[in-house]
Each structure stands twice: as structure tokens, then as C-alpha cells.
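Here is the structure we will look at, set down as C-alpha cells.
Chain IDs A, B, C and D follow the sequence of writing; residue 1 opens each chain.
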Amino acid sequence: MTGILRDLWRYHAEFRIGAALIAVALLLSVLASFSPYPPQQVYVVPPDVPPSLTYWFGTTSRGQDVFWQLTFAMRNTLLFGCTVALISRLLALTIGLFSGYKGGWIDRSLMAVNDTFIVIPLLPILVLFFFVMRDRMSWLLLALIMASLGWAYDARLIRAVAMSLKAREFTQSSLFSGMSTREILVQEHLPYVMPIVFSTTLNNMVWSIGLEVTLAVLGFTDINTPTIGGMIYWANQHTAMVAGIWWWIAFPTIAVIMTFIGLFLLAVSMNDYIDPRSRLRSFGGAS
Amino acid sequence: MTQAETMPGELPDDAQPILSVRDLQAHFRTDRFGVKRDVKAVDGVSFAVRRGEIYGLAGESSSGKTTLVRTIAGAVKPPLDVVGGRVDFAFLPGYGGLRRAPAAEVARIRWRHLSYIMQGSMNVLNPVRRLRSAFVDFAYPHIGESRKQFEQDVVAHLARLKLDPSVLAAYPHELSGGMRQRATIALATICRPDVILADEPTTALDVVVQKEVLAMISGIRREIGSSVVLVSHDLGVHAQVTDRLGIMYAGRLIEEAATVEIFRNPLHPYTRHLISSLPRIGDDVPRKGLEGAPPNLADPPPGCRFHPRCPLAMEICRHKVPATLETAPGHRIACFAVNRSEAA
Amino acid sequence: MSGYFAYVVRRLAQFVLVVFIGINIAYVITHATPIDPVEQSISVVTSFGNTAPDAIEKMRTSLRELYGLGGSPVEQYLAFWKRILRADFGPSMSAFPTPVSTLIGRALPWTAGLLAVSTIVAWGLGSLLGGLAGYYQESRGLKLIGVIAIGVHPIPYYILALVLLIVFGFLWPVLPITGGAAMNLPQAPTFDFIVSVMQHAVLPALSLILIGVGSWFLGMRALVSHVVTEDYVVYAELAGVRPWRVLSSYVMRNALPPQLTGLAMSLGGIFNGAVITEKVFGYPGVGSLLVDAVYAGDYGLVLGVTTVSILGVSTGVLVIDLLYPLLDPRVKVT
Amino acid sequence: MRCIRALLLVASALMQSFPLATSGHAQGALQNIPRKELLILENPEGTVKNAGWFNIWAINAGSQSNGLQQVALDTLWYIDPESGLDGVWDNSLASDKPQYNANFTEMTAKLRKGIFWSDGVEFTADDVVATVTTQIKHPGMRFSAVLASNVASVEATDPYTVVFKLKKPNSRFHANFTVRWGAVWILPKHVFEKVDDPVRFDFNKPVSLGAYVLNSYDPDGKWYIWQLRDDWQRTTLARYGKPGPKYLAYIDPGPPDKRVIAQLNHELDVIHDIAPEGMFALAKQSKVTRAWFKGFPYGHPDPTLPAVIFNTQNELFRNPDVRWALALLIDIKAVSMAAYRGAATISAIGVPPTGAHPATYHQPMEEWLKGFELDTGKRKIKPYDPTIGKQIAEMLRPSMGEQIPSDPAEIARAFGMGWWKVDPQAAQELLEKAGFTKRGGAWTTPDGKPFTVRVMVEGDLRPVMTRAGTMIVQLWKQAGIDARIDVAQGTLPTRRAAGDFDTFIGWSVETWGGHPDLSYFLDSWHSQFVAEPGKSQPLRNWQRWSSPALDKIIESIRMVGFDDPKSTELGKDYIKLAVKEMPTIPLMAYNVFTAMDQTYWTGYPTSENPYTNPVPNWGNSRYMLVKLKPAG
């Protein structure tokens, strides 16, 4: 594994850039533990100071240091995105594989549920959840809710692959050799769908973090936990954009974009490495 | 290394060949994650195909047969790269290969003069379109006539090949493997090309269908007068249809002769092994297997590439490459054990 | 074709099932709202002292009656379905007595117009450019577009919209930044009105397309770069089939079905998008209607909007699913 | 790459076919209406979802601040939150002040002659009678409850006299027909008598009693345009001259950022409210933008008093000592900074520091406040610090410079006078007195649970209150209380009425502003209106505070006339009681950052010329229209 990473690092520019970007994002979130200020306290530094040597990313109108706020925001947002991705992946995998493998009425009813989740508009549901949960609506809970709403899209993709796998010979031979459904799915089919799982993870994170920002902008999240959306929420509350406090919005935005580009490049380069077809294509040699 | 070889074009009884290949070298070159590899898939191959003949190419898998036909067909894309040599067609003189010819010239001769039946008929047809559209896309631009006329030609061509015109309305996945292969051959021959490159056209077909397909190829040669380069790992196939046969091993042509001659009098130890391992009725002596495996072409053994497995290997085989010499009229061979004079 | 017919019937049955489950879930969730529409209405009757509790109570009772909130939960549920089947969502409670359907009918054309058009344009443009980029992998222009797409598509939509707003509304004020059409223009199919609607749609549509194009572009590019290595593409190229034909009929055509599935799936997100687009650009539509209704506890209206959304999206998915076997003949319709 | 080039060509052709505007005028230009004759105001209700509904007498069905109540409706009297055009009190449809009988069971209103509805029908006493009877008859109408619980009968003794017989004595009954923000608006009898069900009648197009009529409106609820009546002279506003703008547009300009942009582009003359930072940005970037104060703190203080409102039915907050302790932990300077960046007018007592109130209440009570003593259980302290207003001014002076006044009277007017000292020691003593204990830096309640206080805020809808609440939570947390913010968003009205909160930032004190009478809010604080826990609380006394002493004060006020000086004295008694009991912790005036663009119009009300409230959703702001003059 380390060998692969080393090779990727040495010979794959996209991987290098991606890894560097992710490293910066991770570093930022790790730095949160060293913040001199508690994340929720306001007026700990002079407000509205532009980026300078003392305050690298400037300070907010709430008297918070943008840099240190950003470290918390990155940590929470990444954790949020990963949690949603992880849980929804588990759901999508289980349901997709099972539905695709079993077929018949199990498949049809599972897919009916699945399609229902696809067509139901999420926003009113999330907002109503917010109203019911009130201040118990922590980011973790939000992550759980979003995960349980965000698996349908990918479950369908996985189901499609599982259906094609089912038709293959090795499934039949496994079946005849007396493997249980669970064993067949986990041992035989899972490896084939993992690439899809990886590639959908990124999209899922983009989706969940984007939706978190949307909810935050509308004020339907826990505004005290700093997240990227939370920072934008507070910046909005202080009309930072027209007040000229651009650094309050610019740095969180750059951080998000950086993270996503990093993830994307990593996914692309890993995919290149795993997928023999794309490997062949990028072989050098002028013809 | 190869200067001493005789060129097939110089054969006295031969007319100008329709296709001649000289010292062709095609390598898979990779430079990825620090690992530079240079797989010499085709390494100095020369042969010629006469008008109207069926020329067979045989050898184990990964002996370079497919790469050779691909290179001749001009299907050269990275990582495959032509390192040296020429490919000359009678209808495309002076360029030394499709990749050196102007695009307009190539477009002119493709399908009209040179057509290609790719390996694996399962995947060569566009899965989301009906076969008719393949005929239109591939051949219509080459035939200067009305669309209606063209349709009639296609139907007539199919009828000649004993194919029902209804296949035109079918999607590839709706046809059986044999039908699909025959349709592919029909597609490749609709323009009555001078040369047909057919790569493993019978592989993965059952014996009955195989026979039909081979009969079809012979029929086409007879009716249209095309030359055919037929690649197959199955010597039985060659025995049935080819006129002459080249044996390839590890990227090189090691023996070439009339098919009958090869079967009757194989000279190269590898060819002999191939022939002797063919099953014969009433023969229940266990076949003697060949030791070892085909060499890694990224790092081939020096000298004769067959020497690590060769029962007749001599010292010279380990560092010198044997030239391809004509030992008998029309029988060329690259082996020190056979061409003793060279080894001396 | 009889196989296809059976497929259509089964797909229709599934459509009905999905819509039924969806509306039921929406019903349960909207009725779980902790906001009391009557209380919300009463709170709007501000500024008057001396209101005795008994008078307020009287008002509460009469509003409860007016809004049709009487009866047991089962009765309400049955009444709801009776009305739904007659395509009647009842009166809005936060805009009583205006029927929910009137409110939705007024807002929906804006949302459908803006979001459907920009989603489809983004999809088409993204797929086309992505297809070209996957096919002509050496093209610098397309590589550049790829880099931009990678950079743009993860930007949170809200921020992108805000930046567009500031650039084109303030720094270089060439475009209207709010509303669906100019003020004081009658909503009639006049030239002025249409031009004004187009002008007002540029920024919102641009923001949606910019965000959308990126991911479709990347998706299509990845698909195409796999398709181009398929034998049938190589073979067609070898056969001298003209490049444009190879690109359109072989490459794009084979990458299209998965991309189309993606479109069907993404339709569901349209209504989420509507809310934020309408907020940022002050564009009329069902998004703000929805948020308003949620605030007001007007679950009749929430349910109405949700139902329309479920129906719209399911229909979109259904249409695409029915088209799919026609586009990809390999799909077994049995 | 030919195909790419072709594509680009197609794309650019497409772009050109979009009729892109070429000048800034395209942004907000109105068709057929000269900008010079048009005043554009923000409708703070935003987008009106039921745009074609003008029947304001049906509950909540349409918009009110779309110009309807400001320029198309009228009622008997107006009291100005500031000083008014001709005194605070204005007889609008009435020709005189209300006349009560001796025991306040009967009120007579004399009406003006020569006032006409926009359809040419004369306004008479019958309209007033119809307003009352129609609404009593239909309990689903807006003012039904209040009229039904007060009015026994109403009759027009002649076309210009209305006599109300009341169910019980009420010296403030006229308040219902007196505009503060709004009031019981008079409905046109000749229209409504033809309507079967007035609850389901949309009143479109509205027949106007004000100086303007509806010109056009957006069916999507983004804009309303009103036009000056040809016969504007037959309306009550004509007493003050001809209104300046011929056209008024009430629009939804979108979120705060866009309001600022719109005004910088001169496409929005009056912004209702923005965040303080937006106001500062406008003041900095636009020479022509004017706010209530010429410089800092800009905003207009509404006669409304944001406070920390306790749910006094909650066991924890029943004890005044606990409420006082929490008050003494608040650093009002920090709250003022967090909420308003210092641009707040603070108040230590339960009356907003605005309009006539500083002179009536704040200044006379200063001495009493200075002497006020609080028993912490261990000692007596004097918690009042009269210099806090000055301290805020000094704190801001380094960054704001010239803008900060130096005259003490000016400072008091802009920033308020004194507030309570931060006194953690006293707070600790008070909490201990109430049986709370501090263990390891965290407070626990008498029954041993962690002392948790949730502070409910409205969130996005009231940004400034949310910011204040967040600061207060932080201050309480630092003192070892488990304080949490609770963002209620749209659920706030429901939860507020249900008593479903610990504390919230909001107001239960609203006054006339220009008039010293406090009954406007105070009457509803009578314990007779306090609902049982779990039941819905009628308006205003959100703290659900019942006090026999307060009941006595309220009952006395009910028996004194509206303008009687005794009522002011009773008001002071209320203030003293509220200071001792601290049922809510008063914070500051609700400063509204109304920004006025002087590119097209001048003569807006300001602190130098405080003839009315500039906020575009108050009924009173109609007086602004007659003072506006075209600029240049």
C-alpha cells in the first residue's frame, strides 16, 4: 500500500496536487485542537481586521479569528461529510446489493422505497426535523438524518451492478457450493462494487456539505457549532459581503473548494491506478 | 541482425505481392509510476501476401499475431508504437504503412481496399444501433451510389453469404455468436476489398459454426478474389483454409511455408512441437508437453527466443538471433539447428 | 414490443406506488410540524391590548373550524385523500381562504421554467462538452474547461450565486438582480414581458447552469473515456467511419443512457435548488412558497407543494425510465 | 477541432440572442412611470404569497405592509412614535379626541366631514358602525375578538357621530382605533354590505380611504404600485398638504445584501431594516444615504423594548433573585456590541428609551435608580451604573471618531443612560440565596440538577436579537451556567404563546412612543390574562408574570383618563415594581436601520426633524409622504 502511494506520489501529478490539498485541509482541521480561542466565544479579538500577520485570515465582525474559526469549521464539516458518506454508503451497499441479488418482489419493493426517497423533496423534511428537534439538532443528528435520506441514488447504481454480477458464472458456482446470500454478497460481489462506492463517496460529500451550507444559510442548523455553512451564516447575518469583510466568506469558500478539488483529484488518480483501461490510455509514448 | 534475410518479394515465381511486410517492429511502450516497459510484441517480422491467397498466421496466444495484424491494419494507438519497418500495399504504394500515409489516402483505401475483422465479434458492433447502420457507416461512403442501390447491394451481398436480410434490423445482442461473426464478415467484405485481415474469426464458436465461417471466408476469396490474412491459434483452422502459413513465436516469424508443407514437413522445433501436439484419431500416446512458458516480451531471452524451451538448443542459440533463411523453395525458417551453415 | 408494453405497465404501477408512498410520508411528516397554524395566524393579529383570553379562545375555535382542522386524525386523512383524488389541496391556512392550488399554480410556472430549463441545459451542455473532452483528450481548450469544471462544481451554490450577484448586479450592473420580470409590466405574452423575463432569468439560470455543467461534464468525460476504449469504437475508427459520426453515434450514444439515468435521479434535487435560488435572486416560485408555508405551519400548503414536487419528479423519472429501453436496446424490459 | 470551434460559435450566438441589458437602468426601471415621481420602499414582509388579497379584515390572508395600511386605509386617530407633524396626537377620520362618559363605559367619536372613498362614496359614521358589527358577526375576522370582548353596541347617532357602548369600563378603548403600528382600520360599508362572506372576500381592487389608490401589483407578490388619488384633497392627509411622490412602489428587494446593493444603485429609496454592518457600509459608500441619526448609531429606535423574557411559570425563574442574578451577569456593553456594534440605545427600565419616554420616565427616575438597593442575602448593593451609556460612547470613540457625540444629552439620546453593573459576586450571592450551589465551576439548581438555561431566539428573521442572545448565552456560560441558544426560526410565535421556552429575546413592552401612556402593553400584563401552564397565552405578557401589586396599578390606570398626568405616575410605579421583580431583563430599544436614499427625494424624518417614524411598515409613516420633496 505504501508502495502504491509512493509510486502515485512520484509519478502522478494529479495525485500530488490532490494529496497536498487534502493534507492542507486535514492540517487545518487538526490545528483546531490547538486553537487559542474556544470556538463558540465571540469578541475574543478585535472585529473586522483584514488579513494581516497577526490575524492571517483576518477577523470576523463577531470578533473571532477567521483562521481559527476555519480550523473548527473544516474539522466539523469534514467529519460531517465523512459521517454522512460512511453511513449512507453502508445503507446503499446493503440495500443495493441485496435488492440486485435477490431480485423479484424484494427488489421491486425495495426499489419502490428507494424511488420514493429519490422523489421526496428533502428540504421541507429537513426543516421540519429542525423544528421538531430544536436545540437537540446537533450536526451529528443532522448527519444521521441526511445519511438516511441520501443513500437512494447510489443504491440504484449498486443494484444495477449487482444485477449484472448475479448473471455471471462465479455467482452461480458460489451458489452451488453452498454459500449463503450474505457470504456471496460480501465475499464475491462486494469487491466488484467497491470502485463505485469510492467514486460515489465524493459526490455524496459534495452533496451533503452543499446541503449543509444551504440549510445553514437558511438558518436551519445548529448555529453555534462552527461549520463552513455556519461561518457563512454568521457572515450573512453581518452582511459581510457588502460590508467589505470579504475574508469572512472567501477563506471558508476557498477551503471548501480546495478540499473538494483535492478529493476529486485523489479519486481520479486512484481510479487511474485501479482501472487498467485508463492505465493503458495514459501510457506514454508518442505515436 | 536481419540484413542477411531473404526477402519474400524476391521469390522468382511470385507476382507482385498485394501486401508485403518488412522487418516490422511494434512495441508496447509504457512509462508509468516509474516503471518503463518496452514490450517487443512484434520484433522484426517480414512476409508477403500474394493476390488471392489466404495467408495464415499461427502461434500461441501473446506470440504477437494480433499485434502484427493490428499494426498492418493501422490500428496503432499508444501504448502500441511502430518502432521500425514497412508495410506496403499494392494499392497504397510508396508510404510504407498506413500510419505514414496522408489521412485522405487512408480514408480512401479503408474498407474499399483493406478491411479488418477484429477479434471478438461480441464487442466490435455498436450495441445500441441496428446492424443496418453499421453497414451504412462503414461502407456507404465508399460506394458512390444511391442509398437505395446501396441497400440492394447489401441485401445481395448478405444473400451471397447465405445470411438472411433480417439481420440488418437486429441489434448485435439479438444475434447468436455465429450469426454475429458472419454478419461482421459480411460487413468487412461488402466493399470487395483487396485485403481482408481476419483476427481469430472462429474463436469462441462451436465447431459447426466454425466450419460455416471458414467456408464463408474461402467463398469470399473465391468470389471476390480478395487476399486474406487469417490469424488463428488453431492449426486445425489453418489446415482447412490457408494456402500458406506463418508460425510466430514471441514476436517473431520463425517459419513460413505452404500450409501443406508445414504440416507435412515442419522444420523448426517449435513448429514440430505444434504439429505433433495436434490430436489424431487412434493415437493414444500421451502428448509430450513443452517445458517452460513463452518468454516475457518485456525482457526476452537473448539470442533465439525459443532456446530456453528448445530441445535442440545449442550454445550459439543463447546469444545470436537466427536469420530467416529459405531452406527449400517457399519454405523459410529461422533456426540454427536447421540452418546449420549459418550456425557454423 | 409486447415485452415493452408489459414493462410500461409494470413501470406505471411502480410509479403509482412511489407516488402513493411519497405522499403518505409527506403527509405524516408535515402533520408532525410543531407549528400551529392557528396560533401563527393569531400572532399576526398584533398590536391590540385588552384582548380577553375568552375572545382569543373564540377566535381560535372559529379559525380551527375555518381551516378545516376538526375531526379525528383518521377522518382528516381520509378527507385528504378524497380531496387529492379530485386534485384539490384545500384552502391555504396562511393565506386563507385562497386555495392551495391557486397559490401553487401561480408559482409553479416560474420554478418549472427556470429550474427545468436550466437543469436540462446544464445537462445537455455538460454532457456535450464532457463527451467532446473525453473523446478529444488532447484538446487544450477542453482540458481547460475540465480544469474549470473541477474548480467550479464543488463551490457551494449559495456562494457562487452571491458572487454572480455582486459582479453583475453591483460591480458591473448590467443585469437585474431581483424578481422574475420588471416591475409594472403586466404578465401577458407581450414582447416586453418576454424580454424582461429572459433578462431576469439570466443570472439565476447562469448560476444553476454553471454549477450543474461541471458535474455533468466530469461524469460524461469519465464515461466517454471508457467508451472510447471499447472495441466497437476502435473498430469504427479503423473502418474509417467519419469522426463526427464516431463521436455522435458510437461514443456519445453509448455514454448517454447512464447519463440520462443521472438526470432522472437529479430531478429530485430541483426543489431543494428552488429554495435557495429564489432566496438569493428573489425569483418567484414554489421554493419561497414552501419555506413560507413551513414557517406558518401551513401544512396544507407544504403538503400541496410537496405533492406537486413528488408528482413532477416521479413523472420525470418515469418518462426517462420509459425512454431508457428505447435508447439502450440491451436493457431487458422483462 | 473544427467541431469545437463550431460549438463555440453556436454558444456565442446563443449568448447574443439573449437580450442582455446594456445599461444599469434595466435593473429597476419602471415602465411608464418617471423615476422622479416615484418613491420606492421596501415591504418588509418580503414576497407576498397571496398577492391579490387586499381584505385586511380577514386574518392573515394577504399583505399589510405593501402600502395597504400606510396609504390606502385610515382610521379615527393616530399617535406618532416621535413628535408628529402637529403634535403627537392626530385626529384623522375623527374630528376630535374621543369622549368618554364618567365611568368609561361609553365612548363617542366625532367624525370629519368631506372625506371620500376612492370610488366617490362619502365616508360616514355608517362605515365605522359596519367595521364593528361586521367583524363581531364573523369571528374569523381580524379584529373580531377584540371588538366582541369590548363593545356591547355601536350606533351612528348622526352621519358624523358614533357612540360605542362598552361591556365594561375601559378608559383606553379608543386605543383600538388609534394607529401605532396599525389599528382597527375602517372598512367601506358600501362594498362589504354586498359581500356574502367577508372572510372569503379578496377586496381586489381595494377601495381606498387614504391618499393613494392601487395602480398595479405583481401577481407573484414582489411589488405593489400605488398612485396618488386625483381627489387626494378629499382624504385626511390633505390637511398637511399635497403628498410629494405621485407613485409609490412597495417592493421585495430580497435579503440584506441586495437591499444595500439596490440602494447603492439608487433603486430602493427606503430600506426598512438591515444589519448594522450593512448600515455602516451604506453610510460609508453612499453620500446620499441618510438614516435617523446623521452619524453613529444611525438606526431609529422603535418604541419597543427587546428584553430577556423569562418564563416566570418555570420553577427556576419564579424567584426574582434568580432573575436578578442572571441580569447582573449580563455585560450590556458586550451585548450592545454584539447585537448592534454599539449602535444601540440601552434601557435599564421597562420602558423603551425612545420618543417621549426619556423625558417622562428615564430622566426623572435616574435618582431613584441610583439609590436603588438590592438585598443579595449577605449584603445590600446598589446595582445601577448611570455611566454605561457614556462608557459605550467612549468605547466607540476611538474607531468611530467624530461620529460619536460628546454632549452628554446627545449621548444619552443616542446610546441611553445607565444600566446594571456586571457583578458576578452579587449574582453568586443571589443564586446561593435562592438555594443554587456552585460545584466545580458549574451551577446546580436547588434540586441538584445542572442549571440549564435555554435562550430562544428567532434566528434569521431577527438577526440582531439572535446576536444579542448568542452574547448573553456566552456571558452566562462564563459564569458557570449551562446556557444554550435555541434557534426557533418560524416556530417562535407558537412556542412563545405556548410558554414553551426558558427565556427568549423578544419584547413584551411596546408603547406609543410619542405618548407617555403605557396601557398599550401594560393592560395586557394583568394577571386576569395569564394563561395556565401549557395553555396559550394571549398577546404581550409572554413572561406569564402575575403580580397582585401590578394588577392594582393596572386597575388604577383603567380608571384614569388617557392624558391624565396620574397615569404617568402610575407608570413610574410599574417601572419601580418591574425593577424590583425583574420579570424581564430590559436591554435596549429595537433600533431599526432604516436607510433613506436622497437621490430622488429629500425631507425624510430624522433625529433633527423627528416628525414621524421612517420605517415603511408603520401606519404612521404616511406623514412622511407629505414632507417629501423631489431632490435637486
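The working rule: a contact is a pair of C-beta atoms (placed from the backbone, for glycine too) under 8 Å apart; a residue touches a chain by one contact, two chains touch by 3 or more.
In this text the structure is predicted, and so the values were computed from the model without any measurement.
K.L.:
Compute per-chain Cα centres, compare each with the mean of all protein Cα atoms, and return the closest chain.
P.N.:
The most central chain, going by mean C-alpha position, is C.
K.L.:
If you tally the C-beta contacts for C-D and for A-C, which one comes out higher?
P.N.:
So, comparing the two chain pairs, more contacts are at C-D.
K.L.:
Between subunit B and subunit D, what's the gap in Å when you average each chain's C-alpha atoms?
P.N.:
Averaging C-alpha atoms per chain gives centres 91 Å apart.
K.L.:
Taking the mean of the CA coordinates per chain, how far is subunit C from subunit D in Å?
P.N.:
37
K.L.:
Take the average of all CA coordinates in subunit A, do the same for subunit C, and state the distance between these two points in whole angstrom.
P.N.:
Spacing between the chain centres: roughly 22 Å.
K.L.:
Using mean CA coordinates as chain centres, what's the subunit A-subunit B distance in Å?
P.N.:
Distance between chain centres, rounded to whole Å: 51 Å.
K.L.:
Can you list every residue of subunit A that touches 2 or more other chains, as numbers and ranges?
P.N.:
Residues 131, 218, 241-242, 280-281.
K.L.:
Enumerate the residues of subunit C that touch no fewer than two other chains.
P.N.:
34-35, 162, 166, 279, 294
K.L.:
Where does subunit D touch two or more other chains at once, residue-wise?
P.N.:
Where subunit D meets two or more other chains at a single residue, that happens at 255, 257, 261, 489-491.
K.L.:
Hey, which residues of subunit C end up touching subunit B in the complex?
P.N.:
230-232, 234-236, 238-242, 245, 249-250, 253-254, 257, 327-330
K.L.:
If you look only at subunit D, which of its residues touch subunit A in the complex?
P.N.:
For subunit D paired with subunit A, touching residues are 255-257, 260-261, 274-278, 280-281, 334, 337-338, 341, 454, 459-460, 463, 466-467, 470-471, 474, 484-491.
K.L.:
Could you list, by residue number, the parts of subunit A that touch subunit D in their complex?
P.N.:
For subunit A paired with subunit D, touching residues are 40-43, 47, 61-62, 130-131, 134-135, 218-220, 222-224, 236-245.
K.L.:
Which bits of subunit B are touching subunit C when the two form their complex?
P.N.:
73-75, 77, 106-107, 110-111, 115-116, 118, 120, 123-129, 133, 137-138, 141-142, 171, 173-174
K.L.:
Which residues of subunit C touch subunit D in the complex?
P.N.:
Those in contact with subunit D are residues 34-36, 39-56, 58-63, 66, 92, 94-98, 103, 106-107, 110, 128-129, 132, 136, 139, 141-142, 162, 165-166, 169-170, 173-180, 182-187, 192, 195, 198-199, 202, 244, 247, 279-282, 284, 288-289, 292, 294-297.
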